[in-house]
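Going by the order they are written in, the chains are A, B, C and D; count residues from 1 in each one.
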Amino acid sequence: MTVKTEINVRYAETDQMKVVHHAVYPIWYEQSRTELIEKLGIKYCEIEKQGVMCPIAELNSKYISPARYGDTVIVEASVSKLTPVKIVFEYKIYRKSDETLLNTGSSVHPWTDTNIKLINLKKAFPKIYDTLLNNINKL
Amino acid sequence: MTVKTEINVRYAETDQMKVVHHAVYPIWYEQSRTELIEKLGIKYCEIEKQGVMCPIAELNSKYISPARYGDTVIVEASVSKLTPVKIVFEYKIYRKSDETLLNTGSSVHPWTDTNIKLINLKKAFPKIYDTLLNNINKL
Amino acid sequence: MTVKTEINVRYAETDQMKVVHHAVYPIWYEQSRTELIEKLGIKYCEIEKQGVMCPIAELNSKYISPARYGDTVIVEASVSKLTPVKIVFEYKIYRKSDETLLNTGSSVHPWTDTNIKLINLKKAFPKIYDTLLNNINKL
Amino acid sequence: MTVKTEINVRYAETDQMKVVHHAVYPIWYEQSRTELIEKLGIKYCEIEKQGVMCPIAELNSKYISPARYGDTVIVEASVSKLTPVKIVFEYKIYRKSDETLLNTGSSVHPWTDTNIKLINLKKAFPKIYDTLLNNINKL
């Protein structure tokens, strides 16, 4: 199960090295992650209103080749693991024009309530958990 | 009543023009505004917990000379107007090393509740309003 | 001559007021401005390589209603003035779903060389100036 | 060899989860890294002008407890490895008030020229390499 998000590099995302600043990539991951979750049948902004959050616990990123202003990049996000206590995502970022791989990464997100206390999603919100699980398994 | 906030330019704040990106200045204004309000006897993060917010309604900024990585800048924030319905701030940004004026600006902030509905601060939170007013007048 | 840029609000663009932080709007303006200039026959990243830049000299923004995570916004950018020494843009931002006006703004950009020295674009780069002027007049 | 950088959380750094957004931590790392390099006798903005850059190749971050608006955080940066081809940094972030550990991380940075081509720093810029090495060993 993968989603491909197309992003035009913003001028503000560059730094004086004339490449995209490295702190921008986690924001691109997040944008793609949002789309992926939605494709799995869950609107993240809706479940947050219901009291479920998935803050980040771990972030890993490898910078292979720089993205630049003028580039369109493709962010591929996928779920590598779903359990009642956490969800793990993987990312690949390509330049659209020539398919050069620019970056790979992953992030780990525990399920929490709105006070950022850990929850068991399967027990606390079985409907959300089942929707995610079923949609991942379908693919 | 003026506060002077010293900020070291962050690498991430530059863009490929090799200067600080213009969207960073409102963030510097905000940092100095926070310190100014605190000097006026109010911790912004505390009044927000009590139910008062002051979102921005208007922002104006003049970019005179660019700030660069390696620079330390001084942000001067002052209150130019306080009424029961809004507060207006003015800003000047200098480079510390040579006192070159880099930027001037202003921002208008209505008082609101946490649903971003307009309130009359003097009526709704007289103690906060009086603290601000008294501390501004003292100076 | 107007361009309409569609932007999905990013989670990272929100703040603890649960709305998009005000420093994000200038970045959205810029994204739309880039698309507008391209529609006028000029790729901004290309002219920068040729030695032309248009840094910002003035920014004005009115915040009418907040954008939120989950919103798609439309940024309308237009050129309100083009002269040999500067270009002025105007912006309107709407929520896509209900067409609520969220924000209006403008920005003034002098033409400069890569050292951020003012230039007369008509004299220094007549071809770029004429392309912009002709494409604005066509519309 | 460690540097401790004190940072007041900016409002703009929060997100609607009411905590600091995770993409801010790499920016804090970078601010502390800049100070650390300076303490090692090298001003990063100066060596970049001489033609040396150290872009990021790898970033790892563990988010233990959230930082919030109103917090002052301490970022501890240290060099865990210096070789002619790369430099590796480690980070710890604490809340100042109660010394709670909020985040740990690391980043790997190859030495490159301004075109982001890998270089051997010891061969290409022996003086810079020796300054760094001597100052690390002193400590």
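Quick note on the criterion: a contact is a pair of C-beta atoms (placed from the backbone, for glycine too) under 8 Å apart; a residue touches a chain by one contact, two chains touch by 3 or more.
Since we're looking at a predicted model, the values are computed, not measured.
The most distant chain from chain C is D, comparing centres defined as mean Cα coordinates. Across the two interfaces under comparison, A-C and B-C, the one joined by more C-beta contacts turns out to be B-C. Chain B and chain C have CA centres that are 24 Å apart. Separating the centre of chain A from that of chain C, both taken as means of CA atoms, is a distance of 28 Å.
For chain B, residues touching at least two other chains, in rising order: 11-12, 16-17, 19, 23, 27, 30, 69.
Only residues 16-17, 19, 22-24, 26-27, 30, 48, 53, 55-63, 66, 116 of chain C touch chain B when the two sit together in their complex.
Per the touch definition, chain B reaches chain D in the complex via residues 8, 10-12, 27, 30-31, 34, 43-46, 68-70.
Chain C contributes residues 11-12, 14-19, 21, 23, 69 to its touches with chain D in the complex.
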